[in-house]
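The chains carry the letters A, B, C, D, E, F, G, H, I and J, assigned in the order they are written, with residues numbered from 1 in each.
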Amino acid sequence: MLYAVRMQVDIPHDLDPTVRDETIAREKAYSQQLQRGGEWAHIWRIAGQYSNLSIFEVESHERLHEILWNLPLFPYMTIEVTPLATHPSAV
Amino acid sequence: MLYAVRMQVDIPHDLDPTVRDETIAREKAYSQQLQRGGEWAHIWRIAGQYSNLSIFEVESHERLHEILWNLPLFPYMTIEVTPLATHPSAV
Amino acid sequence: MLYAVRMQVDIPHDLDPTVRDETIAREKAYSQQLQRGGEWAHIWRIAGQYSNLSIFEVESHERLHEILWNLPLFPYMTIEVTPLATHPSAV
Amino acid sequence: MLYAVRMQVDIPHDLDPTVRDETIAREKAYSQQLQRGGEWAHIWRIAGQYSNLSIFEVESHERLHEILWNLPLFPYMTIEVTPLATHPSAV
Amino acid sequence: MLYAVRMQVDIPHDLDPTVRDETIAREKAYSQQLQRGGEWAHIWRIAGQYSNLSIFEVESHERLHEILWNLPLFPYMTIEVTPLATHPSAV
Amino acid sequence: MLYAVRMQVDIPHDLDPTVRDETIAREKAYSQQLQRGGEWAHIWRIAGQYSNLSIFEVESHERLHEILWNLPLFPYMTIEVTPLATHPSAV
Amino acid sequence: MLYAVRMQVDIPHDLDPTVRDETIAREKAYSQQLQRGGEWAHIWRIAGQYSNLSIFEVESHERLHEILWNLPLFPYMTIEVTPLATHPSAV
Amino acid sequence: MLYAVRMQVDIPHDLDPTVRDETIAREKAYSQQLQRGGEWAHIWRIAGQYSNLSIFEVESHERLHEILWNLPLFPYMTIEVTPLATHPSAV
Amino acid sequence: MLYAVRMQVDIPHDLDPTVRDETIAREKAYSQQLQRGGEWAHIWRIAGQYSNLSIFEVESHERLHEILWNLPLFPYMTIEVTPLATHPSAV
Amino acid sequence: MLYAVRMQVDIPHDLDPTVRDETIAREKAYSQQLQRGGEWAHIWRIAGQYSNLSIFEVESHERLHEILWNLPLFPYMTIEVTPLATHPSAV
């Protein structure tokens, strides 16, 4: 099951800088672990924004939600999920 | 240069059915030629909609525009273009 | 896999009345067949609108798209798809 | 009387963590009591979001409002209410 | 059960003038019958627009939908329904 | 002169609870005084929201503004004003 | 009573050119008559658009609606009405 | 050169009350000086809102920006600027 | 006086092809004449859309409106105008 | 590669004034260095707003993102990026 997920990050300016840096570091490690495991298939930076466009390949909505809910930056994110199917023109 | 492109198709209901079918057939051939050439890197159907999410890898904005402008369904499409960069967490 | 789907119908006023009536009749038969088969779990009318809110339980995005794409009224619909997961408070 | 209710939760990041956890626990107990009583007919998590889609079956607008107003997380929620009627295609 | 209903009318400019006038006349008669019956409690013109704001007092969502669906101008309307409850400050 | 007014209340979560409660009490008294005086003709709770829909009957825009500006909760409200005229179908 | 009114004109491209020109001529005469009568206090073109921003000074919502409803171009207009009051900083 | 300017004021609730009152007093003096000088041609309160609609008559965009940028309440305002031209129907 | 102008073109699919081609040819000639005269300072294609972003340098709002109103494609355009001033960081 | 970039600045009112002033000073120096280097081709103030419209000419999306991400005011900005191509009517 493929999903396009757009994540926009908006960290409050008054968040403790140590908490902030530590959260960003955990986010990166968490993302890379899922990329290596194959479930987080693509991640691209949206040019000029603190946002990414990602493609996930997971077995179910449950698993997708579990992954996103546990993102260290989840409390500061606005997330859009788009379910993707095979396109009839795809080669 | 990577771009995410979302294309939403809205064919007028009073378009001549022959023109319609012929245009859709040309659209498919055109898309597959560009996929085989490597510039149209991904195309996914957005579930439940006459829309796709695509990833293009082309040399310039000029080339991206040339490709999209010549889509046989271009006159019936609403198109959003998002420039993508490498994400610092990408493995 | 559960999905909430909102379908808003907007039939062009100049559509041939016979085509219109025949399409609506086919839509009803198609919907009822899928309800009986268990994939179209719920359908409710949104009060005051030519719209419905439905719950689908299908095996994949592919199957959901196949069902929606083949709705007789699909060309006249605006559709929103929302993937649903189990809620931790559900009893 | 059926209502679709979408609740989006946005807890301020500077809320006291004890208050936060205690409120979430009360929310869960409150929801489960109403689910067991039959008024809160369905609750689903919207995948990737701190949101739910719920179906309520209550006797009146007054009762629906009373239930929602007393949600422990109500002050942090954005709520949309959609009145539902029987669909003519429902089997 | 009280509902605020906003109806915005947009009659296509190429509708046959006889059909148009006849439909508007039926709309008026239909509305006045429901006003006299007590279900259509208030109707106000929104100044400067081909729109009205109405208050309905009916027994259920089903009945509200039945009334609105049968408006002669329904195919040309955009309708918003808002369920109303007693306000704690109402005297 | 009739006006429909929609007031949505959003009290900051870090407002002092005593100030908050005292402001809400003053709001209620203020509203009831104007209802008894006849200028605040209707007030309904919008089901599921900290919002109301009200109808005012006042002599001028000046008077409407004076009433709304002096609402104790005004600083925490988003307000929409819609001027209403007699509807030609009103009985 | 002062009102700001924004009128955006969108004449269908397939309207008969004679009807179109005759309607525009009647619109101009109608507007100038009301300007001379003092009720249509200001009319400005919004630069780059087929739109105007106007200020009306009329005795009531009823009169404002009557004026706008009878605009020859009314069927092709999107209209926004904003009631204006005296500003406390006005000299 | 004429411009319509809509200013919506949103003062943070935790701003120091002395700063707040002093800023509002300076805003009023500043506005009245410009009104007397003829550049701030009109200012109206938008009924029911902490907003105004104003008309400026200034020699250039530069001058308009200078005036608005120096408004004491500028940091708390959302501002929309609309350039106005002579309307062909103006008498 | 500088203005950013975004023009989005939407030609109706049932416009006569000869009229269409002739209008597009006149649009090009008209634009190039104004570019050569210096008033139409820049014109860029927005990649993937039938739209352009342009910079105009003209003496007044009147002149800008005159130029845009006379665009051969004006009836099929949605236009946004943004007045520009010197930026304090510009070198 | 040309890009139109619109940057809207929204500095929190409770940011330390020294930090604020120092950040604005660094922003100006940073912008001027890139203007002198030729990558930041144009910067205009949007009249009446704490916003600018800029044109960048850079070699890639990567470089554009690097420039914008390192803007001292980036954490307080809302940024829109539009890729631009040559217009067929450009002289």
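In this section, contacts are C-beta pairs under 8 Å (C-beta built on N, C-alpha and C of every residue); 3 or more make two chains touch, one makes a residue touch a chain.
Note that the structure is predicted; figures quoted are calculated from it, not measured.
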Check: How many links in the shortest chain of touching chains run from subunit E to subunit H?
Finding: 2
Note to self: If you apply the touch rule, which chains end up adjacent to both subunit A and subunit D?
What the structure shows: C
Next item on the list: For the pairs C-D and H-J, output the one whose chains share more C-beta pairs in contact.
Entry: C-D
Next item on the list: With centres defined as the mean of C-alpha atoms, identify the chain lying farthest from subunit C.
Entry: H
Note to self: Need the CA-centroid distance for the pair subunit F / subunit G, whole Å please.
What the structure shows: 29
Checklist line | Rounded Å distance between subunit D and subunit H, as computed from the means of their C-alpha atoms | finding: 42
Check: Which subunit A residues reach two or more other chains?
Finding: 2, 14, 45, 47-48, 61, 64-65, 81, 83-86
Check: Looking at the whole structure, which two-chain pairs count as touching?
Finding: A-B, A-C, A-D, A-J, B-C, B-I, B-J, C-D, C-E, D-E, D-F, E-F, E-G, F-G, F-H, G-H, G-I, H-I, H-J, I-J
Margin query: Per the contact definition, I'd like the list of subunit B residues that touch subunit I in the complex.
Written below: 5, 12, 14-15, 61, 64-65, 68-69, 75-76, 79-81
Next item on the list: Spell out the residues on subunit D that touch subunit C in their complex, using ranges where they run on.
Entry: 2, 4, 27-28, 31-32, 35-36, 43-48, 52-53, 82-91
Notebook entry, point to check: Given the complex with subunit F, which residues does subunit G contribute to the contact?
Noted result: 1-3, 60-62, 64-65, 81, 83-86
Item checked: Sites on subunit D touched by subunit A in the complex -> 11, 13-14, 45, 47-49
